[in-house]
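Below, chain A partners chain B and then partners chain C, in two separate complexes.
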Partner chain A sequence: MKDWRYWLAEERGTLLAFGIFIVMFAIYSANHPAGFTANVVQTAANKGVLLAFVAMAQTLVVITAGIDLSVGMIFTLTNCMASWLVVGTGLETTFGVLAVLGTGLICGAVNGAIVIYGRLQPIVATIATGAVFFGLALLLRPVPGGSVNEDLADFLTGRFFGVVPASLVALLVIVLIVWVPFSRSELGRAAYAAGSSETAAYMSGVPIRRGKFLAYTLAGLLAAIGGLFLTFFTYTGEAAYASGNAYTLFSIAAVVLGGVSLFGGKGSAIGAIFGALAFRTIGDLLFVFDFDPLWQPLFQGVILLIAVSLGAFALFRVRNRLEWFL
Partner chain B sequence: MDGAAPLFRMEGISKRYGGVRALEKADLTVTAGSIHAILGENGAGKSTLIKVMAGVVAPDEGAMSLDGREVTFASPAAANQAGIVCIFQELSLIPELSVADNIVISDPPKRFGMIDRKAQRRIAKEALARAGASDIHPRALVKDLPLSRRQMVEIAKALARKPRILILDEATSALTAADVAKVFAVLKRLRSEGLALLYISHRMNEIAELADHCTVFRNGRNVASYPAGSKSDNEVVELMIGREYSHIFPPKPVAASAAAPVLEARNLSWADRLDNISLSVRAGEVVGLGGLDGQGQRELLLAFFGVLRGLRGEVLIDGKPVSIASPTAASHGRIGMALIPEDRKTEGLMLPMTVRENLSFAALDRLSKAGIIDRAAEQRLIDDMVGLLAIKTAGLDIPVGALSGGNQQKVVIAKWLMRQPRIILLNDPTRGIDVGTKQELYQLMRKLADAGAAILFYSTDYDELIGCCDRVLVLYDGAIKRELVGEGITEHALIATALNIHGDDRRTGVGGKA
Partner chain C sequence: MSETTLGGIMGGIAGRMPKFIRRADPAVLTAFACIVILLLLGSLYSRSFLSPEYLLQQLKVASFLGVIATGMMLVILLGQIDLSVPWSVAAGAMMACAAAAYGPVGIALAIPFGVLCGVAIGIVNGIGVAYLRIPSMIITLATNAVAQGLMVVYTGGFSPQDVATAAMRYLATGFTIPGVPNAVIIWALIGAAMVFALTRTSFGRAVYGIGNRERAAYLSGIDTRRIVMVAFAVSGGLSAFGGVLLAGYASKAAQSMGDAYLLPSIAAVVLGGTSILGGRGSYLGTVAGVILITLLQSILSVMQMPEAGRQIIYGVVMVAMLLLYGRAPASR
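Let's look at the complex of A and B:
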């Protein structure tokens, strides 16, 4: 087999997610009353990147064969924190941003420590920590409110050169400084190895624990970046339980759409980003086709089912039934 | 050997698991530039010994020294650092990662803190070439490779770590004959380069070809150590099992079975793996499948068992054509078929579940009334099976994963015998299990045949085919090349046909001595 075919096989999930997104977005912008304009793209991007950050966070944990049910709550908690701290002069704002990101790191590290050193099941551990994070958010913002440094917010949610959405550029930068180094580092590979076969990884002398810990910690950081952007878009902080949970569940959907295996060891955050953007576009499609908003969850669910089924088509071609279970 | 200072020494090593004594004051001395074979039944302590050497388990007592200095290993990584690298029987490859990723996994080359993929690929290519497996692409995912290729990757991975002591634990059990030859050449070269090699295998002929020195383990102790070639096979086997080792294979029936065929195939083809296969197995008959590994034997068994889709040709049971759509259909009703799978860990057992649960899974429908399991009936049947197969277990309610390899395999077989199958398909059932258990399985197989079962038996071990089978069908490239009967089943005939090296003039001598 040629090299490019291996590349294709490796990136299949990501490419599929990219394809789904492009098709959906094409349908969306073709039917949008305003058409494919910078404004439409900017609005779509701003909505999409929030889920993209949370989905990236989820990807890191899912790669280790875990799952993080607290990402949505870290996202909510950091939103509430940012609505207190990311205000005032440039220096104060900088400090606030660092404090918010630091909080995300700590939340992720707590998850990692409980799962790895406390040996609790990720699903149980993160349900519990998620509740704790939401409790803290509620203490910070019993009622919605607060504010944010609007100069910074407008800069990061606006457009560069009048066409490029700033939030997409921010997403790209985060991919370049968080995901790319992670995926190419020894610890990143350890996270993949642990997710694929923990015993084989242990036998091979792979630093499993440090790899997994890093994955959980960075997941916290990415969720916090998402929370920060939420604050930039809304100018307020709100301890919204339903929205936090929705982000958690949507992040899992986005990850699956993006070709990341829930069994661990396979997939990339790039795929998850396109999964997230595609998932968001599903909701927007309703808008352009003038559906009653009541239809949204049903419609979203059906499209999601169809999209994740695409990946399963290969099973129809399987001639040895044992391969169904691989 | 004489005069050379030992490279590595273990003294008085003991290890207990719960109440079970795995190693009892075991000693071992390893010299550089030699191949040292470790022999012993499963459960004799070989695996534990290696795990201690490789830093996987810590010994309860005893000392290890490397280059005369005392060492302890806290983890496999620490042992690797010291130059001790082990190729485990249970593959240590990570399925979702590429071959190159796997080869450099313990110490990837780095640039600016990130993994240098170009250097990684170069190292992987070199290591694959050193292992004689340049045909494997470094970017291929390990999970897409067949077992024998994975084993070669495992060997390349070990070589990439530049070991001083290389341990091979049943490293050739999954390999094809051609690969074994390549690996042996590599091992001999490594010996001449001054490495110390520890070689563990159940195959006596491999040890005879490779080893300079042998140590026999029994019941957690080293019972004998001698230069290779100074003892006969029989003496060695007696040392291993500690009892007279005479008739490993049960006698075959004098007259061929005259019963009507129970299982028949007519012109069976599937994809490009099975090519126009016709065969029949009678009640009371043990029919072997021979040939090199991967010539369609496994697919043939899977085809009978209803696993393959898009099968062409006919399968007949008791002379009537049937269509078997799933393993459930194959095992139920008047077909009554059972398949003892090759990979007991994935296809045969649910490792974390108990011995009891594993035993009754395949027979639950027979043990339940209106969907409720009859516990008393289950217990009776399980007791029968544990007795019949002499399964050694600390209890029925411990995880089956805690049993030794041989006993796990017995559980897989017992599980299917609980259905009292009429047709039994065996897929290389003795791979990686000890001589004593093998012998029990051979006897069991003959006993089942005598009781009227039709048995189709695939084995990669020629001795087994010769010793156990009434007839052997040799497959090559998905087709039956030759049928050997009775006295005609000889090692020479098996190997010659397996390699497909003789022309048609040879093949006319079916049944005769080749």
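Let's look at the complex of A and C:
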């Protein structure tokens, strides 16, 4: 009888992110000169999906009460790599894609190994590995360039049946084959438990190390999928420091908008996806209102500031001042 | 071998003699040892690495990072982090240069105005973290975005045209005492003030207390929220002051001048043995971390290592050194 209430309480963050996204996108498409057409949706989807993948990657790590400041750099590295490898015949392309995804897995596994088995703080450890990943990206692409299998790229960035953006379908598929099995598996629960209270989880015999390791590794994989899609959209690889950093920072913003707690143990990648899509839509809102693009960074910043300040409303529920200090 | 036992003994003593931790913290010792090793390795490559001119030049370059890392350390000691450094630095530099365009009064007030802009950013951070209880990683990220937005609007998207005042250039590149660059003196003064504040004032005690456990600090009668806010304001102000010095060094401000300082400032503090979880660390360690990172960057660039290799070595060295002495305890 009360099942739906538990569900509602558990998914509140995700639903809120979904709501914000729907409202933002409604405003966006209502004011877009072309209106709510397949073209507008496709463009918006293609831009949003990139951040959605990176935000999903960030979610996995944040759930374990960690943070991955190298996701943007894995994203950049795999982009540079894909611009070399994902070319040629069908078979070559397949191997290229596998190699790129494998690289992402390795990057994530390195992060996980350093954080879990090296016992370093995730913030500093991933700053350092991020520098390494960016260095590797620069080695691969000292100057922007390269190419990609355009048939595959066009297929995955186009539309199915002329309506459904292919990138959204790809995102859905990835959610179904990566996130859903992970969150329902024993190790996925271990990752949540580790984020919620590592000591309690450890005492209860939960395999926290393997759970966290899997979370970091899959985060690398998801960031690599994002990098692959970036290559599909741009047809080139570029080791851009600013863009890699921006994706890392935006992914944190998207995760927070998506109702994932930075203290760990709470939230879902679905929420982060909507957080990412909402964040992107907010960024594009200015264009449809014909503002000077100069104001875009400020607008985005102010919206971000307001969005994160909304979390402060929880303070009104605090009855004991000691609850301020978690 | 003997060093680990030494560290152990020092660690044991440290519990009872807080003043001596600073001198004998194994992390700080390791950091200084790494500096010596780096210099020796460098001197194998070229004799000039041990020349006083080179070392002084490195200290001068390090002092910009040192000023910024001082603020970062204060925030990290609280168990928080300040990700708004990039645009606090840039805002400080740009606003100071902008003020210089407004006649003699502007020139006179350029430096305080730039620093005040940083303090303002820091106060917003502080209100968010201390009073609204927003995780510092998020709120500082947001204020960084807002500061960036404001600066982009101000400059119109072009690199700013204003130039640094003579006073800014003097602070960054001049010599008051022959042979010692002013920037180094400034860093020394700021460092001394920070050491005094951390070790000799109730503010410093409160900072360490909050970093260990804010709840306990609150219960022992400390206005933890005010302390946190002040710490963020100081961090913002010091970042902006670092930007002012950088603008003086380059004689003008630039859009992304602060980007190169966020990660090194965190790295310097952490490599210096300050716990990223807060509550533990010494300023001497931060000094070591700053010099270490500056030396590493300098040696790699003197060796004409391409940017890619520099980044990789930089990251690997950081991980290696943290694995050496920055590990969390194994037992739970």
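Here are some notes:
To be clear about the criterion, the second predicted complex is superposed on the first by the 310 of 326 C-alpha atoms of A that agree within 3 Å, B and C clash if a C-alpha of one lies under 4 Å from a C-alpha of the other, contacts with A are read in each partner's own complex, and residues count from 1 in each chain.
What we mean here is this: a contact is a pair of C-beta atoms (placed from the backbone, for glycine too) under 8 Å apart; a residue touches a chain by one contact, two chains touch by 3 or more.
Computed from a predicted model, the values in this text were never measured in an experiment.
Look at A:57: by the touch rule set out above, it reaches neither chain B nor chain C. When the shared chain is aligned, chain B and chain C each come close enough to touch A:322.
In the superposed pair of complexes, A:171 makes contact with neither chain B nor chain C.
Contacts of A:262 after superposition on the shared chain: chain C is touched, whereas chain B is not. Using the contact criterion defined above for the overlaid structures, shared-chain residue A:17 touches neither chain B nor chain C, since it reaches no partner. Touch criterion met: A:6 reaches chain B, while chain C stays clear of it.
Of the two partner chains, chain C is the only one touched by A:252; chain B is not.
By the touch criterion stated above, A:196 is placed in contact with chain B alone, chain C being left untouched.
Chain A is touched at more residues by one of its partners, and among chain B and chain C that partner is C.
Of the two partner chains, chain B is the only one touched by A:184; chain C is not. Once both structures are placed on chain A, chain A residues 199, 202, 321-322 are touched by chain B and, in the other complex, by chain C.
On the side of chain A, the complex with chain C involves touching residues 67, 114, 118-121, 123-125, 127-139, 142, 198-199, 202, 241-242, 245, 249, 252-253, 256, 262-263, 294-302, 304-305, 308-309, 311-312, 314-315, 321-322, 324-325. The part of chain B that touches chain A in the complex is made up of residues 56, 75-77, 80, 88, 90-98, 101-102, 105-106, 108, 110, 113-115, 117, 137, 139-141, 143, 157, 270-271, 299, 302, 306-310, 326, 347.
For chain C in complex with chain A, the residues that touch the partner chain are 81, 83, 128, 132-135, 137-139, 141-150, 152-153, 156-157, 213-215, 218-219, 224, 256, 259, 263, 266-267, 270, 276-277, 306-316, 318-319, 322-323, 326-330, 332. By the touch criterion stated above, chain A contacts chain B in their complex at residues 1, 3, 6-7, 9-10, 181, 184-186, 189, 192-193, 195-197, 199-207, 261, 264-266, 318-322, 326.
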